[in-house]
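Given below, in the form of structure tokens, are the structures.
Common to both upcoming complexes is chain A, partnered first by chain B, then by chain C.
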Partner chain A sequence: MSTASASLRRPGRLSPRRLLDAMQSLGLLAVLVVVFIGVSIAEPRFFSSDSIKAILINSSMLAVCGFGMTLAIALRGIDLSVGSVQALAAVVAAKLSSTGTPLALAIAAALLAGVIAGALNGVVISQLRVPAFVATLGMMSIARGVALIYSNGGSFLVSDSSFTDISRDSIAGVPLPFVITLLALLAAWTLFNHTPFGRHIAAAGGNEDAAVASGIRLAPLVIIVFAIVGLTAAMAGVLLTAQVAYIDGTVGVGFELNVIAVVVLGGTSLAGGRGNLLGTLLAAILIASITGALNILGVATLYQYLAVGLLLILALALQSLRDRLAGRSSADGGE
Partner chain B sequence: MSDRVRSALTTVIARYTIEVVLVTLVIVLLLTSSDFGSSQNLDGVLRQSAFVGIGAAGMTLLIISGAFDLSVAPMLALCGILAGHLVGDVGLILAIIAALIFGGLLGTLNGVIVTRLRVPAFVATLGMQYVYLAVALAWTNGAVVVITNTSFLALGAGDALGIPTPFLFMIGTYAVCWYLLWRTRYGRQVRALGSNERASRVAGIPINRVKVATFALVGVCVGLAGVLLAALVSSADSTVATGYELNVIAAVVVGGTSLNGGRGTLVGSFTGAIFFTLVSNALDLYGIGSYWQYVATGLVLITALGVEGLRRRFWLQPA
Partner chain C sequence: MADSAPILAAHGIVKRFGGVQALGGVDFDVRAGEVHALVGENGAGKSTLIKILGGLHKPTEGEIELRSERVSFSGPLASQRAGIGVVAQEFTLVPKLSIAENVLLGREPRRLWALLDWPALRERTSALLSELGLEADPRTPVASLSIADQQLVEIAKALSLEPTVLIMDEPSAALNESEVDRLFEVVSALRDRDVGVVYVSHRLEEVFRLADRITVLRDGERVGTHDKDSMSEDELITEMLGRELEQHEHEPREAGDGGEALLQVTGLSLDGAFSDVDFEVRAGEILGVAGLVGSGRSELTRALFGLLTPTAGSAQIDGTALAATEPRAALAAGVFLLSEDRKSDGLIPDLSVRENLFLTASPDDGGSSWRLRADAETKEYEEVREFLDIRAHSPEQPIPTLSGGNQQKVLLGRALTSKARVLLLNEPTRGVDIGAKSDIYAALRKLASEGSAVLISSSDALELSQVCDRCLVMSRGRAIRMLGPSELDEDTIVATAVRARAEEDAAS
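Right, the complex of A and B next:
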């Protein structure tokens, strides 16, 4: 009964939609706090600044790429190519840097490679009308091939210390990769929530026909959003290069599914129309914390997979229960 | 007259795009490569196609029903591991049956999570991919299960009636799935469900049961693929099939089955699975490096669906 009137009222700040997003973020925060307290009691070293810094650094790649993915999913798309694009960008950055190219130029080239790959995804989706799932599945294969061809199957050691310092420096005690993550969040959040472009993403993702009928031009929207996803995947590639310094064409395999898992865990619905960027960040930190906690407790890697898998299913089961209790039709949350 | 021929030709190409492309590719390869036609090469192509092909049979029905399954790679590994462990003790037949039942149970579990917990199939099976991988790693301790039973290995590497055994199993799987899809009430319900879930519910179709059964069917197919793959490489381990889910979905989609559900073609998936193997075989024969095969595979996938999109836009109105 109340839902009809609730959906008619659209007060600017506290629409039901935003309330749900906030609830999701609070839920993630609660789980995060529980993990931290529980693990810290079992192993006090977990609550050291070194350990927390490591968690923040490890969450950065997932979060940054997650922001791009959140926009794509809000547009009712998906990008399966981010792992390969990450590898492509990492190989470009590492190869250029190891052959003496200045840092800024190497990073710019890597980011450009990501933007081009992403924009191509957008063109294939909007102009050739290939479903995003298939178009980016194709790009996943193509970008991986290009990364391997460009590296000639070899690997590169980044010796430029100013490059590797990106993952070691801090600003006011906050690791630089996480500062970059926060800046990326600010940019994505502003774009998504406070510009006409962002509103168009949500509108087209919620109801494409209505969006087109109301004069939104779909093609540029799709191309720019996927170019942004490519950019964030490339940023993740640069962060990876800075962190491990030793790069070949096979890095980043499976990254796409981790990123999608983080976005979904963060409360962004695959049905499109809305995106929870803060949730994406919190989910990335949560996953990195669980990985860090299991590492410090000396638990085998396989339990990380188990934890991520069960968390994902549990979170979505709770979401769908919540939606049903809220009286919304379950049909709109389908595949 | 020539108009009728042209319109007939257009219809055939529109309806059997992937089949026409496959036949064209085969003819080109026969004309340009002396090695392609050798029985050894053809044997290899058909044998390789079977693993993705068998998984794609079940996946076609699942995609027609409006869902899909991202957890098939570790599921395949688990079934291979089970068969590898059992075959020494219980013999060939029981080991295979156990692997198929196990696959069916894993698929059922996916279906139950989707229907009972109401988790969208994409996320549910993404989560189960991690869970199954963890189970496989725990089970094998990360080690490789070596298989030495010779009659088991013959399933993967042997021939029967002059045809590679895995390919015979692939034909059998498609025959069964085709019968299920087009000749049974269950198949009708799958197609109805994929076209319009709400209408199917209103029409009294037991939606949850159909969904669970279809996930279970995928599990059984994947179990069979797992047994055959373990037999071919004479071992089983947790990560043997990494990326399998996307190869299977690619074969189904290139074959002409719509990711939106409701319509699809098993013959297309069958052809699609062979087609991808054939593309990499062609590149091998022409001596094109393996890195370019990634690029070619991706381009094939995008072109196959892109042409369809362009055709709909500019050439033919959708039927």
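Right, the complex of A and C next:
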């Protein structure tokens, strides 16, 4: 009886959720295409390789850090400290570079700073049992403070052209920051979908008690995931340094909200247990495109905030609808 | 077999939580190739004992021996590695993950360095599923399975460890008759493979069908361990309760002796759930609704309460059309719904017993200030507590500290505090021990005799035969037959439901 019902039910049951998941990515793609066509008609300069390159470069920071954030949210956590950690890494990279440290060493130090800050978040969350929201809120302040102290309240100009070239070089026509983004996507996607570690993230985020009862140790999981978020925030800091070359301790304010917006827009549910990394990338490109489009159309920055906010609310409403639909289809069976 | 040495033995287990003693020196053992049933009322300490054997809790005192060697489990993983599998009552599944990911969670096969070996994962899961007779694609998300199938996944998960001892906590609670039969086949096969099975159940007929030995716990103490053949069901009940069960002899009454039709349902339909359902429930009557999984009876009650919107037909309460498009309107019309899953749809764990009890009560009675209202509530609480025999120390006690049966009584108490006259009850005694069950039955009859109309949707045919006056049998969303008082017995109810399903299957 259970046999028959399970096999009878399967095709109809599985499709709505999968379909809606795909729709999220396709939907983003569709919006992206509409934005491109619409803006290109209004302003042909938008559809130029320079403009597209700029969009890809601008999306890179959001996307790279978004991948880390996607993992944290899949674990039913969140990281509010990424903006401050980005600033910390940027300050470390810029200060070291401007004082003559070799590029590789400066970048390595910046990334290490991010990993340490992230791992500390993980330790506070898993060992002191502080909710991720609060723990990372604390780190948001601490990392910002350390960045300001380390920079002595001053600013640094990166004169090493090999550093700033990171944002100017291309591989086969693709801007280097975006190549880094694609590599990061591949790494995060493999980790999340094709390793036991990644599945444990989804399990612990979906049902923590079940994960513990299955013998999964939460502490290492949480610490590593938040260390990864710290790493990706630091990568965003390095990309920022390469792009603007002029860094002080106040960069990256509000970055965390944009990153979270991108992840949610990409279809990762704040309820945990699922992560849509490709969606995160598409959403980052979409946000960068909209910002770029508004710039090229001459819309003041003020209104760009409005646009991003409206988009985010729309995306969340859509996601809520999706969850309701998915919930209904599974609730009907459970008599 | 009967005299073989135990694989797993617990000696003098004491467990205290803060100042509360849950277990007071319990001995328990299980041998290879036997089914050892563990019975007792809720709160007797069964769950605590199981959690200690499964490594989730550490005993305060006492020791555990595995194959005569003393062991101490640092956690569930340690006990799993030692060969003890646990099928918990609360599912330990991650709904969003697939069956395969759930079954081998924490023990995924790998390839290359650290990559997950998906093909191996699916293959191993498929093998386990077919052993259990569940022909589902291992990639199916667990959330889309029925409760019964989820239970089988839970069992597959425990079996994947190839345990030498398997502890099953109320494995049949969510299963219907034929699924229980399948479960029993699985348990018997395990016994034949020399696995020691610890089987916890409220259903005594299952215990007698399956167990070799039976251990009774009461108030954290072991009352006795018996060979199955050496005791009767009545003796077992007496041992569990510490008293003899009061027999509520129930005589189903002819519908219509006296009461007017309080709830009248005409041609009610909901696409994909049920269609063209007619019936009425009179004041003073208890109507049962029986049916296998997928019969639509759960949706029927939810539709009458405004949680689902019917696509056709109508319902009348006391002659007035019920336009319940949301629960608030249904409550105002005097309709009450007891949902089947008290944890997710009923109780608010952070609120006290009193607050949970009065959650649905109309805010306009009981005084003008909140203080007066709290006083009035406390007074009314006493009446409800007495009516349902809720065992709580105080109205301000946190609800999770109550046993399952008493939590259920609190939910049922909402029907009293919200002054409902039409009670729609889903699985009113699921997961409830026999003492509380008999209290709940008594309360329902009292409510009916005071003029309420009661509708009970249940998968437990015995329950329906014991408490109802008439019983509607549903199958695949259609009302098949109304069984009158003279036909109300367990066998007839089951046979009618199963035959209807079989005929439909043959026809389709």
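Keep this in mind: the second predicted complex is superposed on the first by the 304 of 335 C-alpha atoms of A that agree within 3 Å, B and C clash if a C-alpha of one lies under 4 Å from a C-alpha of the other, contacts with A are read in each partner's own complex, and residues count from 1 in each chain.
Everything that follows uses one rule, which is that contacts are C-beta pairs under 8 Å (C-beta built on N, C-alpha and C of every residue); 3 or more make two chains touch, one makes a residue touch a chain.
Being a predicted model, the structure only gives us computed values, none of them experimental.
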Can A:27 be said to touch chain B (first), chain C (second), both, or neither?
neither
For chain A, which side has the bigger count of touched residues, chain B or chain C?
B
Where does A:141 make contact in the superposed view: on chain B (first), on chain C (second), on both, or on neither?
first
Can A:80 be said to touch chain B (first), chain C (second), both, or neither?
first
With both complexes superposed on chain A, which partner does A:197 reach: first (chain B), second (chain C), both or neither?
second
With both complexes superposed on chain A, which partner does A:310 reach: first (chain B), second (chain C), both or neither?
first
Now for A:261: first (chain B), second (chain C), both, or neither, which partner does it touch?
first
Chain A positions within both the chain B interface and the chain C interface are 330, 333-335
Given the complex, residues on chain A that touch chain B span 80, 124, 128-131, 133-135, 137-146, 148-149, 153, 249, 253-254, 257, 260-261, 264, 270-271, 300-303, 305-306, 308-313, 316-317, 320-321, 324, 330-331, 333-335
Footprint of chain A on chain B - complex, ascending
66-68, 70, 113, 117-124, 126-131, 133-135, 137-138, 142, 197-198, 242-243, 246, 249-250, 253, 259, 261, 289, 291-302, 305-306, 308-310, 312-313
Counting only contacts in the complex, chain C reaches chain A at residues 56, 75-77, 80, 86, 88, 90-97, 101-102, 105-108, 110, 114-116, 118, 133-137, 140-141, 143-149, 152, 157, 176, 178-179, 182, 272-273, 292-295, 297-299, 340, 459
Chain C partner contacts - residues on chain A that touch it in the complex
1-3, 5-7, 9-10, 13-14, 17, 190, 194-200, 202-203, 206-207, 209-216, 273-274, 326, 329-330, 332-335
